[in-house]
Structures are given as C-alpha cells and as structure tokens.
Amino acid sequence: MTKDEGGACGCAVHMKGARKAVAVDPQIKTSNLKRLRRIEGQIRGLQRMVDEEHYCADILVQISSVQEALRSVGRELMRNHLQHCAAQAISKGNRQEATAMYEELLDLMYRHAR
Amino acid sequence: MTKDEGGACGCAVHMKGARKAVAVDPQIKTSNLKRLRRIEGQIRGLQRMVDEEHYCADILVQISSVQEALRSVGRELMRNHLQHCAAQAISKGNRQEATAMYEELLDLMYRHAR
Amino acid sequence: MTKDEGGACGCAVHMKGARKAVAVDPQIKTSNLKRLRRIEGQIRGLQRMVDEEHYCADILVQISSVQEALRSVGRELMRNHLQHCAAQAISKGNRQEATAMYEELLDLMYRHAR
Amino acid sequence: MTKDEGGACGCAVHMKGARKAVAVDPQIKTSNLKRLRRIEGQIRGLQRMVDEEHYCADILVQISSVQEALRSVGRELMRNHLQHCAAQAISKGNRQEATAMYEELLDLMYRHAR
C-alpha cells in the first residue's frame, strides 16, 4: 500500500482506490447505516407504487420523504466531516490545505447539499 | 369495491386503500422503474461506503447524485400528473375540483419538490 | 399594437414587448406588491449589515429569510398562474398549447422554484 | 462598550447590539455590496412587473434569478466565515467553542442555505 496525495483535508488515504475518513464517530456510522437500510426499503416501496400505478401525487410525497431522509444522512456525515476531517485540515494543515478545505466545504454546501 | 370520494383531481380510485392514477404513460412508467432500480443500487453503494468509512465528502457527493436521480423520477411523475390527472381535474372537474388541484400542485411544488 | 405569437398558454399578449397575464387576482397583486416593498427594505438592511461588517452567520440567516419571502411571492404568482393562465391553456387550448403549458410548468417547478 | 460572550466562534463582538465579524476580506465586501445593489434594482424591477401584470411565468423566472444572486452573496459570506470566523473557532477555540461552530455551520448549511 502506498501513501496517496491526500484528500483536500489531508485526512484521507487511498486504500484500493477509495479515499477514507481517518475518524468516524461510531454512533454516526451506526445510525447512518440504519437510515440507509430504511431508505433502501423506501426505494423498493417506490418501485411498487410506480408499478401498481399509484396516484402520482402520493408517489411524489413519498419521494420527498426519501429526499429528507437522505438529507439527514448527509447532515450527520457533514457533522463527522467537520469534527474530524475539516478540523484537522484547518487546525493542523498548512495554508494551502486549509484553503482547499474551505473550497471543498463551499462546494458541498452550495453545489451538493441543497 | 366501493367508489371513493375521489382524489383532489377526481382521477384517483381507491383499490385496496391506495389511490390510483387513471392513466400512466407506459414510457414514463418503464423509465421510472429502471431509474428506481438504479437508485436502489446506489443506496446499497452508499451503505458500503459508510460501512467502509469512505471519505465523508465523497459520500456526500454520491448522496447528491442520488437526490438528483430522485428529482428526475419526480419530474417524470409530475409530467404524467399534469398530462393526465391535473388536466382532467382542470378541464372536466367543477370549480371546487379545479381549486383543490391548484392547491395540491402548489403543495407539491413548494413543499415537496425543492 | 400587433398580436403576438402568444405565450405558452395562449393567455399572454405582447404590449411594448412584455408578455402580460390576462387575469390577475387583485388580492394576490396587492399582497405581492406589499411583500416586495418589504423585501426591498430587507435588501437595504443586508447592504447595511455587509457594510458594517456584521457577523457573517447573522447575515446568512437574514439572506435565508429574504429567500423565504421571495418564495412566498413566487407561490402566490404560481397560484395565479395555475388559476388563470394554466387553466385556460389546459381547458381551452388545443393539444399543442396544453403540452407547451405542461413543459413550462415542469420547468418552473424543477428549474426555477427550488 | 463591554465585551460580549462572543459568538459561536468567539470572533464576534457586540457593538450597539450587533455581532461583528472580526475580519472581512475587502474584495468580498466590495463585490457583495455591488451585488446587493444590483439585487435591490432587480427587486424594484419585480415590483414593476407585478404592478404592470406581466406574464406570471416571466416574473417567476426573474424571482429565480434573484434567488441565485442571493445565493452568490451567501456563498461569498460563507467563504469569509470559514476563512476567518470558523477557522479561528476551530483552531484557536477550546473544544466547546469548536463544537458550537460545527453546529452553527450545520445549521447554516442544512436549514438556511438551500
């Protein structure tokens, strides 16, 4: 295993090609896995609703509920990201690493998290 | 089977408790089922990423991509809803049915479709 | 004055280059003008906050409040649009005019109203 | 003038009741003031459009453009917030101050910045 160039925050390492979080709050991990399994069930429920030709507005409301559930997962991931990865880049990284982290956070907020 | 009171648009009938769309464009149905199966795979991918403690920002970008995919499903459902259910309530329904449909659409747009 | 090509809904006429709504609910118009004047004041308040270098998070919360106020104006405009312009295109227009209206509504919902 | 308890980030001071940012990038300030003056003009344009009963969809598209412009101001404020206020709370503050900043950022992202 070789060291990678580091993530924006310097806290990610390549392992089989995937960047890793150095630290993950076990409580956040457990609750996110639980949420994602529930979301998987909701997606299968949506397939059934579409297949059985349920009333469109009812399906749209259900989609909106899945979107909210995904937002909750995102929020917890962001909490972990700030506490561990961002905090490290900002307090331990050099100026360039800190700036890269600010830009990454701005992108996550304004491009990905609406 | 008894007749129900009708959906907001008068185009939904209760069958085993679920309101149905009177008309569903077969092309929309097929492509939405396909999208939802792909989304189900993406959700399982997210579970794997969380379980393997991938870099938070990478998971957040992937969540954002699932949300966009769900929006596309929603958009197609809304197209079907407008063409069939809303159109019927607006052009064939009485004043009360039309007004109920406008309110339903406003709710879907401003509360559920962001 | 010459007849225009018509809006998507056939309910708009060019007058000095601007498409008009055929019908505007006077109550919606009055309340929207009132809201927009209040929003103008909020924008000037934002200029002051930026100029006096207020705490960034406080300004961000205020921006969010202006955005909600604009959404309320949008919601009322959409109500008027559905009741008058869309209703006319859908119930009185031909197939092509109705389809153009559905596409316009989808665009407003999924591209402009988030 | 008395020292206040500080903002979440410890970088704000009460002056006549308003919390201040300790540091503001002059380029961000100038461009935000310019944007906000342009937005003020757009709001007055919206008042005119509503008053002259322009086509609803045209007004809705214009509202959407103002929303995007406000988002751009928010993005620049958030950049400044991260670089100065958040950075200070995270790297110089104690554990409690850092945690308060993470929660403030999460709130701004998930409640206010959509």
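All chains are identified by letter, namely A, B, C and D, in their written order; residue positions are counted from 1 within each chain.
Here is the rule we go by: a residue touches a chain if its C-beta (ideal position, glycine included) is under 8 Å from a C-beta of that chain, and two chains touch if they have at least 3 such contacts.
Just so you know, these numbers come straight off a predicted model, no measurement behind them.
Counted as hops between touching chains, the shortest connection from subunit B to subunit D is 2. In this structure subunit A contacts its sequence twin subunit D using mostly the same residue numbers, the overlap exceeding half. Chain geometry summary: the mean Cα position of subunit A and that of subunit B are 24 Å apart. As a whole-number value, the distance joining the C-alpha centres of subunit A and subunit C reads 33 Å.
Along subunit D, residues 74, 78, 108, 113-114 each make contact with two or more other chains.
Each chain pair that touches appears in this list: A-B, A-D, B-C, C-D.
Chain contact summary for the complex, subunit B toward subunit C: residues 71, 74-75, 78-79, 82-83, 86-87, 90-91, 98-99, 102, 105-106, 108-110, 113-114. On the subunit A side of its complex with subunit B, the touching residues are 7-8, 12, 18-21, 24, 29, 32-33, 36-37, 39-40, 43-44, 46-47, 49-61, 63-64, 66-67, 70, 73-74, 77-78, 80-81, 84-85, 104, 108, 111-114.
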